[in-house]
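These notes open a run of structures that come right after.
Next come two complexes, and both contain chain A; in the first it sits with chain B, in the second with chain C.
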Partner chain A sequence: MRTSFASRLGLTLETAAAWLLALLWAAPVLYAVWAAFHPTGYATRFELTAPLTLQNFVSAWDAAPFGRYFLNTVLLVCFVTGGQFVLCTLAAFVFARSRSRWMSALFAIVLVQLMVMPDMLIVENYRTMRALGLVDTVFGIGLPYLASAFGIFLLRQTFLQIPAELEEAARLEGCGPWAILWRLYVPLAKPTYLAYGLTSVAYHWNNFLWPLVVTNSVNTRPLTVGLAVFASTDQGIDWAIISAATLLTAAPLLLGFLLFQRQFVQSFMRAGIK
Partner chain B sequence: MRMPRFLHAWLMLGPALLLLAAFTHVPALATLWHALFSTPTPRRPAVFVGLNNYAALAEDPIFWQALWNNLLYALGTVPMSIALALAMALWVNGRLRGRTAMRIAFFTPTVLPMIAVANLWLFFYTPDYGMIDRLTRLLLGWGPTNWIGSQETALGAMMAIAVWKEAGFFMIFYLAALQAIPPSLLEAASLEGASRGRIFWRVTLPLLGPTTLFIAVNAVINSFRLVDHILVMTQGGPDNATALLMTYIYETGFRFWDTAQASALTGVLLAVLAVIAALQFSLLGRRTHYR
Partner chain C sequence: MTAAPASADAIRLDSLRKQFGSTTVLHDIHLRAARGRFVVLLGPSGCGKSTLLRVIAGLERADGGRVVLDGRDVAELPPAARGLSMVFQSYALFPHLDVAENIVFGLRARRVAAAEREARLARAASLLGLEKLLKRRPSQLSGGQQQRVALARAIVAEAPICLMDEPLSNLDAKLRGEMRREIRALQQRLGLTMVYVTHDQAEAMSMADQVVLMRDGHIEQDATPAEIYARPASAFVASFIGTPPMSLLPLVAHAGGAGIAGLPDHLLAPASAAGALLGIRPEEVVPAEDGLPACVTAAEFLGAETVLACALGSGGALLQARIPGHHALPPGSPVRLRLPPLAHLFDANSGKRLPLPPFA
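Our next item is the complex of A and B:
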């Protein structure tokens, strides 16, 4: 009886600790929701009877070209993720099918990017972009990320698990390498594409430093850079409007995550497990 | 028939390899090369200066402070986010009440942009009427503290944000690893009368070894890479208290436009990464029997 009481007490304490941590983790977002949906005066006062309003979102939207920023981010994310799918699929296909020692050496060189990321090479990459005349273009923001070692690695691991007999059968039916890739490998790797796509969209939706360096006008700035410019210049300390703008920026990913949180977590797990 | 197959392979590999080389491998080497020259100005083209840029770094107190800060930052954030990530994964994977809500709460920071996160925390850290000062006043009776404006607390405040942002992401890797542990193993241990604590220390934790190494390497890389919140919240201040290698590279390269010095700084960063890679391989070598 005593041990069961002790273990129940332990479990209660553990539950309390877990809940406290969860509350701590949710607090900034919960606060942003509170501040964004109430008039400015309530940003630091918490009263249950505070009136609700959407005015902060309207003010934020009107105060900066968020529509344009959204468009830029969506273009960027589509370009990067689409390009990554194509390039990484092709490269992973070759790496998965090759048995040669040269190819594995080449693969090891590719994997260097898992550690030395374009994010860290902003000085040289800026120099390259200036030479190519791609400074301040959405194309220029996305280009360094198109060939991703992470994507190649992930897809290669998936392709390696496809049984050789299936490929043999396809070849006997007269399929060439392109047909084998398109009709056999790609459909079988669908869950990996979803997982990689989600992590990639989240990464590039949220990326900041490189876009900050390589853009300098409203027409190319993605949301993150736009939000930073907005929060640092125009608004002073109107927390209600800054909270509204912050939520706007994060809304598509946040809503997607809240609606499909199980699939989201499973996809991130799949991307990480390899 | 061999020729077409060979050609196919290079057609497929070509674009990815070209871009990888152009934006990762070549710039990494070019940075080391450019660090040996002076910064070109309109009146004077770049001239070869040997290791002078590195010598200038060695005499630059801000560089040493940024390096030291970055070391503290890594030492502070990496173990903390790993420990929290493990606790979160165990809780979410266990039988506690409300674990779906918990999983949402832990994971949400991962999908938020660091810039958005910075705005939210900026308010939490506001002296006097910010959330943290209200709490410390209520619970501990402290006066107002300028968390991100004073030398003593600024770096810690930045570290707290990084831990908050990353722990939930690393939780995912532990969750995946925990779910891959065969239940029969844990059942066998508990049939033999091992307590929950003993099972955790003797069975679960050793099995999580490779995952922990993987997370640790990623966390260390992130502690050198992810500086968005510092750039918008403190710009490395006050008085360089939150300057890290990456913020100093940005400042040197894109505020002062001293590209030669920024290249030398990037060279230092690459050296740090090389050390991390070497450590990882030596640890992996010893632990291969887990896989």
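Our next item is the complex of A and C:
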């Protein structure tokens, strides 16, 4: 009796806490949805009878070059994620299969990157990009992120789990190292690529500080920076339009996550990331 | 290098040596296998069978000696260029590909034309009865079906030599019997030279043209199944082959000859055999009124026969006897057993087979 009461109480508390956290997390989004779909006057007045409108979206879209920002962000995300896939795959393959005695030391050095906050490196990265003449280019925004220790680590773990006999079978069937990588390792690591790709896309879609520092023109600014510039100066503080713009910029990502939710969670479970 | 003279040997190993670090796993292996032969590598766990197979395949480098396949020294050739196919113990099927793609994986890697690929796939699939399974993933197959896919992948390469590492060890007894016959039939139909690893001596005896029995990285004996059964080259071979294997009885000197310690009235060999081990096949022992007195220590009923383990004499010699019929003898029962004429003698120290001494 008592234990079941205690466990039920525990369950109730857990559920309540989950709801509370969910509400806290959702509140700003819900507010943005409210503000974006109602005329400006209702941004701080919550009435169920308030008229709905799409005018805020139109105004936001017209007020700043969001089309260009979208393009920049998409280019950036494709470049970074694509580059990470290529580099991390190659590095992870070597780290997983080389028998050199230097490998564990080298791998440890790569892992040190995980302990360095990316924001700490902003100044140094900026100097490097300027030296390379890449300031204010999409290429320059993405370049510092290409060699991701996290990606190398994840893929290496996945590759290590692939039985050596599969590779030997492939070798006997006439595959060289490239064919083994392409026909065996990459397809078998698909869940890891999906999970890692999604985190990477989300991170770079939302990344703000570094792009803010390294860009200074409409032709390179990604959405996040564009939105900030738009919200701070161009518009005064019109919450309705800012909310509409925010929803616009987050929409593709939100939509993608809602669509891929199940695969996303599954592949994270399989890749062993929490 | 000049082309080697055409020889009948599909596989020749000359003083092959392999070590991992400081432990030598293969010592001085010599082996010849004629084309179209079914060679079984047999031996206890850890004796180096898999390692030998992997050296032949080129998955491990030999540390000495030569591997000659079809007259070519293959030391410098990668596995794929050695003209062989291999079936792994775990089957090593590619989990992300369906059965058809698994089978043609090597043909794709070698860029065989699509039409030819399809034709070969169809042939291999029909040979192994896989036509209905071609679209399945390996995880959707039973053990026996996976085994067949692995076989199909090996034969579709049409390599003259096929290596198999304990391919049946994951299957149940009935399926194993079936697959044994299928593999043997397939090997004969295609004229493959087969090197087949197992630690199951019954499997070896029933399939092989040539049994290579290994122990601790050495070849103990290389002979036909009949020869290895009739004339085991060492006490180790004797105690490995047969169900149950040969009993080895230490001989001591008695007045007028040699026999079991504690049984001076029953002479089994001339005096010169004292100190050696006498090998007795359990199936040749028969119960008889005038036989040696023995004491049953265990009785194992096999169906048509009963295997009796008996203690003989005072020296703790253990004799096994395979006797037709059901004999539920409790431990401690006295029996009298007649031994066959002297046929196998082994040196007690080296284990080597000794020539039979003439009766004085």
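FYI, the second predicted complex is superposed on the first by the 242 of 274 C-alpha atoms of A that agree within 3 Å, B and C clash if a C-alpha of one lies under 4 Å from a C-alpha of the other, contacts with A are read in each partner's own complex, and residues count from 1 in each chain.
Rule of thumb we're sticking to: contacts are C-beta pairs under 8 Å (C-beta built on N, C-alpha and C of every residue); 3 or more make two chains touch, one makes a residue touch a chain.
Keep in mind it's a predicted model, so treat the numbers as computed, not measured.
Among chain B and chain C, the chain that touches a larger number of residues in chain A is B.
Residue contacts after overlaying the shared chain place A:L172 against chain C, while chain B stays out of touching range. Contacts of A:W25 after superposition on the shared chain: chain B is touched, whereas chain C is not.
After overlaying the two complexes on the shared chain, residue contacts for A:A105 are found with neither chain B nor chain C. Using the contact criterion defined above for the overlaid structures, shared-chain residue A:P163 touches chain C, although it does not reach chain B. Of the two partner chains placed by the overlay, only chain B lies in contact with A:V116; chain C stays clear of it. Residue contacts after overlaying the shared chain place A:L184 against chain C, while chain B stays out of touching range.
Looking at chain A, you'll find no residue that touches chain B in one structure and chain C in the other.
Residues 11, 14-15, 18-19, 21-29, 31-32, 35, 44, 87-88, 90-91, 93-95, 98, 106, 109-110, 112-113, 115-128, 143-147, 149, 152, 177-178, 202, 205-206, 208-209, 212-213, 223-225, 227-228, 231-232, 239, 242-243, 245-247, 249-250, 253-254, 256-258, 261, 264-265, 268-270, 272-273 of chain A touch chain B in their complex. Interface residues of chain C, counted against chain A in their complex, comprise 57, 59, 78-80, 84-86, 88, 90, 92, 94-96, 105-106, 109-110, 153, 157.
Across the complex, chain A is touched by residues 5, 8-9, 12-13, 15-20, 22-28, 30-31, 34, 84, 87-88, 91, 96-98, 100-117, 119-121, 123-124, 129, 131, 164, 167-169, 172-173, 175-177, 179-180, 221, 224-225, 227-228, 231-232, 246, 249-250, 253-254, 259, 262-263, 266, 269-270, 273, 276-277 of chain B. Within the complex, the chain A residues that touch chain C are 163, 165-166, 168-175, 179, 183-184, 187-188, 190.
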